[in-house]
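Heads up, the next two complexes both have chain A, just with different partners, chain B and then chain C.
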Partner chain A sequence: MTSPQKVRQVGVDLQDSEETRPLLEAIEQDNPGANVSRMPGLVKIQKPGELVIRRETVEDRMGREWETHEFQVSIVSYSGNIAVWDDDEIVIKWEH
Partner chain B sequence: MAYELRTNVIEPERNTFDYLVERFGDRPATRYQEASFNVQPKEHFHYRPTWDPDHEIYDPDYTALKLTDPYSYTDPRQYYYTPYVAHAAERYESFAQTLKYIEDRRLLDKMPENWHTVLTGFLLPLRHYEQGAQMLLTNANRFGYGTTVTQAPGFAAFDRIGNAQMLSLIGLALAGGAADTLEDAKKNWLFAPHQQGLRRMIEELLVERDWAVGLIGLDLLDDQLYPLLYEHLDERALFRNAGPYSLLARHFHDWYSQHRKWLNALLKAWTADPQHAEANKKTLGDIVARWYPQACEAVATFAHGVADQAGSVSIVGAAERGFAETLASLSKAGIPAPTEGAASA
Partner chain C sequence: MARAKLSMRERYRLLTRDLDWEPTYVEPEKVYPYTRYEGIKIHDWDAWEDPFRLTVDSYAKYQAEKDKKLYAVVEGFAQGQGHLSLSDARYVNSLKLFLCGVTPLEYAAHRHFGFLARYLDGPGARFAALCQSIDELRHTQTEIHTISQYNKYYGGLHNFSQMHDRVWYLSVPKSFFEDGISAGPFEFLTAISFSFEYFLTNLLFVPFMSGASFNGDLATMTFGFSAQSDESRHMTLGLEVIKFMLEQDEGNVPIIQDWIDKWFWRGYRLLSLVASMMDYMLPKKIMSWKESFELYLEQQMLEGLFPDLEYYGIRPPRHVQQAITEKDYMSHQVAWILYQFSFAANFNATVPPKEEMDWMSQAYPDTFDRHYRPLWERARSLQEQGKRFFFQGLPMLCQTCQIPMGFTEPGDPTTLCVRTSEYRGERFNFCSDGCKWIFDREPEKYVQAWLPVHQIYQGNCGGTSIPEVLEWYGIQDGVDNGEYLTSPDKANWDKWHAPSVVGGGVS
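Entry: the complex of A and B
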C-alpha cells in the first residue's frame, strides 16, 4: 500500500454512572485531544493512536485508593489492544 | 407483524445547575458538586441572632481565617451524605466483626493485666474526649461558611460519636456486658490526674468563640494522641502479647488517616488562599502558639499516667517524639512554628 498510514482510533466505552465520572475526568486529563461522546447510559472515549489510564490521576479524582483492575467494572467495551495493564497504568493502543 | 426497534436519544435540557456550569464548564456535574457547591445560605437573613447582634446568622466572620471563595476548598474524599453514610456503616461493620472475634475467643481475658489498665484507665475515658471533639466539630459545622468547608467537620463530628461508641463497646466487652467499666471511665475522666490536661484543654476549646480555634486546638491534641495510642501502643501490644489491643487499635488508626485527608486539605486551602494566605498563616501561627504547649503538656501528663500505672517504659519517649512530629507537619502545612521550644514534659 502506498497511501500514508492512517492513525487508527482506539477507545473505551464506559458506563455513565456516578462511579465512573471521576474515571472519565482522569482519562480526559491524561489524554488531551480525546473525543468524548455521551450516549444514554454510556460514554464513548476515542483517541487516535493511544489511550492511557493512570492510577494516580484516577485516585486524585476519586479521593480514594483505586486499583487498576477496578477498571473492568466500568468498561462496557473497548477498541484497540491492551498493551499495558499493570498496577500503575493501563495503555490501550494498536501495536501492529 | 414486524416491529422496528429504535433507540430514541433524549438530550437533557441542561447538564447541571448554572453555577456549576460557570465553575466547571457545561458538563454533567458529580453528585458531590451538586450537593456541596453554592448551598450555603448567603442573603435574606431577616434577623440577626439575639445572642450575637454583630453577626449575621451565617457569617464568614465567625472565624479569623478567611477564604476568598469558600468553595475553593473541596473534601478530597468527596463525601456528601450517601458515600459518607456508606463508608461509616462499613467502618462500624468491620469494627463489630473484630469485636465479635475477640469476644468469641475471650481474648480480652487473656490479655496481660497492665494492658487491661491501659484499656480501662486510659482508653475508655477517651470516649468523653471523643464527645468533646464531636461538639467542637459540630461547632465548626454550624459556624463555618461555605458548604464544602462545613460539611467535612459535620461528618467528622458524627465519626467522633462513632469512635466514642466503639470505645464504649470495648468497655462493655471488658465488663461482660455490664456498664461498670464505663462508669469508672467517667470517674477517671473527671478526677484521675493524668486525664485532667486533656479534659481542661477540651473544655477550654469548647468556650472559644472562633470555631477554627476549636478545630485547630483539637487537631493539635489528635495529632499527638492518635499516633501515640493507635500506632505506638499498637506496636508495643504486639510485642507484649496484647494482640486484641492491636486488633482494636487498627480501626481507630485507619479512621484517623482518613480524617487527616480533609483536614490537611483545609489547612492547605487557608494557607494558599490568593488574598488571605498571609493573614491566615499569621492567625494559624497564633493559634498554634497559644495551644501547642498546652496540648503537649496534656499529652505528656497522659503518657506519664500510662507509664506509671501500666508500666509502659516507652510511651513517654514516644509522646515526646510526637511533639516534634506535630510541629514538623504544621510547618509542612506552611504554619509558622511557635517561637519557644516544645513544652518540656
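Entry: the complex of A and C
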C-alpha cells in the first residue's frame, strides 16, 4: 500500500416505510455518526468503518419481538461485507 | 408462542452440514462431475460461509410475505388505473426494454442456479444456490405479472419470450447470459453472482427502479423493492463465492482475475442499453448515466470493494479505464443507435424534448452540446418535416457483445472503433479492445454466436424484407416500433388525458 488507508464507508439501504421506521431509529441509536439520506422509497445509511444492527435495540423501538432474519425483508442493498449475522446482531464492515 | 430452542447458527448447521454425507457407493467426482475441469481447486467446501443462514422455514415465511405484499399493490394499481399516473406514455418504453431484455435472464438464472443446487460439492453452497433459484423464479413471475398489466394498454409487451429469442438488440442480453450458462460452474458464479449481482447490480437496478418511482410507476417500483431484498442475499453469495475461491488456493487467483476482467467488460457493454434508457427514455430523470457510474462503480466498487480484494492479489478489471473514459458519451452513442433502428424494435424512440436536452447539456458538459445536440436537432428537424430518420440498412454487430458497432476510440467520440481478429481464415469484428480480448481468449465459443444481422441476411429470420422480419420477430409494424410521436401509445395517452366531465381515463 502506498497511499494512507482512509476509513471506507459501509452502508445499508432500507425501504422507507412505516414498518422500517423503528428499525431505522434503532440503527441510528446504535451507530452514532451514521449519515442518513433519503431518496424516494429508500433510506440510505452510511458510516465509516462498521455498522451494527442489534436485535434488542430494534425490539425496544418496535415494541414487539423481532428476529434478525426479518431484516432481509426490509433491506434493499448494502455496501461492505456482512461480518456477523446471528440471533442478536448483524455487523457490516469491510474485511481487509 | 415458544421461542425456537435452537440458535440460527445451529439450525443452519443442521440443515446444511448435518444432512450432508460423503458418498461411499460412488466416487465423489462422479456425483459432482463439473467442479474440476475449470482448473479451480477447492480443498475444503466446509469453509463456505453463508452470513444469511436461512433455513427452509425462515426462507418460506419471509418470501411468502414479500409476495403477498407485492401482489396486493399490483392489484390496487390495476384497479385504480394506476398507469394513467405515469409521467408520460414514453416512459413505458423502458418497461418494454426491461420485460424483453431482463425478465428472460431471471428465468435463465432460475434454471442455472437449480443446476448448481445439485452440482456444487458443498452443502452450504448448494442450499444458497437453491434459494437463489427459487428467488429468480419469483422475480421472473413478479416481473411478468407486474409489467404485463401495461400490455393491456401499450404496445411492445405482448410477446417478451419470443422477442428475447429473435429480436436483434435483445441478443445482447441473451448472448450475455448464454455465455455464462455455457461456461463452467465457477466461471458462472464469478460472472453472475459476483460480477453481475454484486459488482454491477446497482448500475442495472437503480436506474430501472428509481426510474419507475420518479415516473409514477408504482407497480414496477414495488416489484423492485420486493426483488431487492432478495438481491442482498445474491450479492452476499457473489462476494462469498469470490472470497471462497480466492482463499482456497493461490492457483485460483489468475483464473478468477481473467474472469473478473472478462465479465466486467461483457456486463458493462450490456449495461449500455440501461445507460441509454436512463438518459433518453425517462421523462423524469433520476440522475445521468455518468453520475450513476461515478457513484456505483467508481466510488462504491473501485474505492470500496477492490481494496478488499487487493488482499488476495486481485486488481481492478482490465479495460475499466475505458469505461470510466466513456461515461461522458457512451449513453448518447447507444441512444442514437436505438433511435435510428427503432423501426425494427419493440419500442418507440424519439428526439428528447428541449428541457431534457438542456438537462443533458448540464449533465454532460464536455460532450453533449459539442457532439450530440447537433445530431438530435437535425433529427428533430427531419421529423418535423415528416421525414423521420431511420437508418436504411442493417448495422454490423460486434462479434462478442453483439451491439451495433457504434462505439468510438477511447477518449475520442468522433472516431469509430473497429478491431478485428482472424480465426481459421475468417475475419471477425469487434467494437472495442475489450470485446476483442474476450474473443481471442475463447474464439471457439464466439465464432458460434447467432448474430441477428447475419441471420437476417442468411434468410433465417422470416424473409428478406423488413416487414417479413418484423412478423417473424412478433413486432406489430406501426404499433410497437418506430417513432414515438406518431405511435398509438402517444395517441392513446393524449386521448386518455383529454379533459372530460364523465368518468376517468381509459375507454
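Heads up, the rule we're going with is that the second predicted complex is superposed on the first by the 96 of 96 C-alpha atoms of A that agree within 3 Å, B and C clash if a C-alpha of one lies under 4 Å from a C-alpha of the other, contacts with A are read in each partner's own complex, and residues count from 1 in each chain.
One rule holds in what follows: contacts are C-beta pairs under 8 Å (C-beta built on N, C-alpha and C of every residue); 3 or more make two chains touch, one makes a residue touch a chain.
Computed from a predicted model, the values in this text were never measured in an experiment.
**Student:** Applying the touch criterion given at the start, work out whether A:G63 contacts chain B, chain C, both or neither, answering first, second, both or neither.
**Tutor:** In the superposition, A:G63 contacts chain B only.
**Student:** Of the two partner chains, chain B (first) and chain C (second), which one does A:W94 touch, if any: first, second, both, or neither?
**Tutor:** second
**Student:** On the A-aligned overlay, A:P40 touches which partner chain: chain B = first, chain C = second, or both, or neither?
**Tutor:** In the superposition, A:P40 contacts both chain B and chain C.
**Student:** Where does A:R21 make contact in the superposed view: on chain B (first), on chain C (second), on both, or on neither?
**Tutor:** first
**Student:** Please indicate which partner A:S79 is in contact with in the superposed arrangement: first for chain B, second for chain C, both, or neither.
**Tutor:** second
**Student:** By residue count, is chain A touched more by chain B or by chain C?
**Tutor:** The partner making contact with more of chain A's residues is C.
**Student:** So chain A touches chain B in one structure and chain C in the other; where do those two contact lists coincide?
**Tutor:** Common interface on chain A, chain B vs chain C: 39-40.
**Student:** Tell me, which parts of chain B touch chain A in their complex?
**Tutor:** Result: residues 7, 9-10, 28, 30-31, 75-78, 261 of chain B touch chain A.
**Student:** Of all residues in chain A, which touch chain C in the complex?
**Tutor:** Touching chain C: residues 8-9, 15, 39-41, 68-70, 72-87, 94-96 of chain A.
**Student:** Using the touch rule from the top, collect the residues of chain C that touch chain A in their complex.
**Tutor:** 7-9, 51-54, 58, 62, 65-66, 201-202, 210, 213-214, 221, 225, 228-229, 231-233, 235-236, 239, 243, 300, 303-304, 307-308, 310-311
**Student:** Mind pulling up the chain A residues that touch chain B in the complex?
**Tutor:** Of all residues in chain A, those touching chain B are 18, 21-22, 38-40, 62-64.
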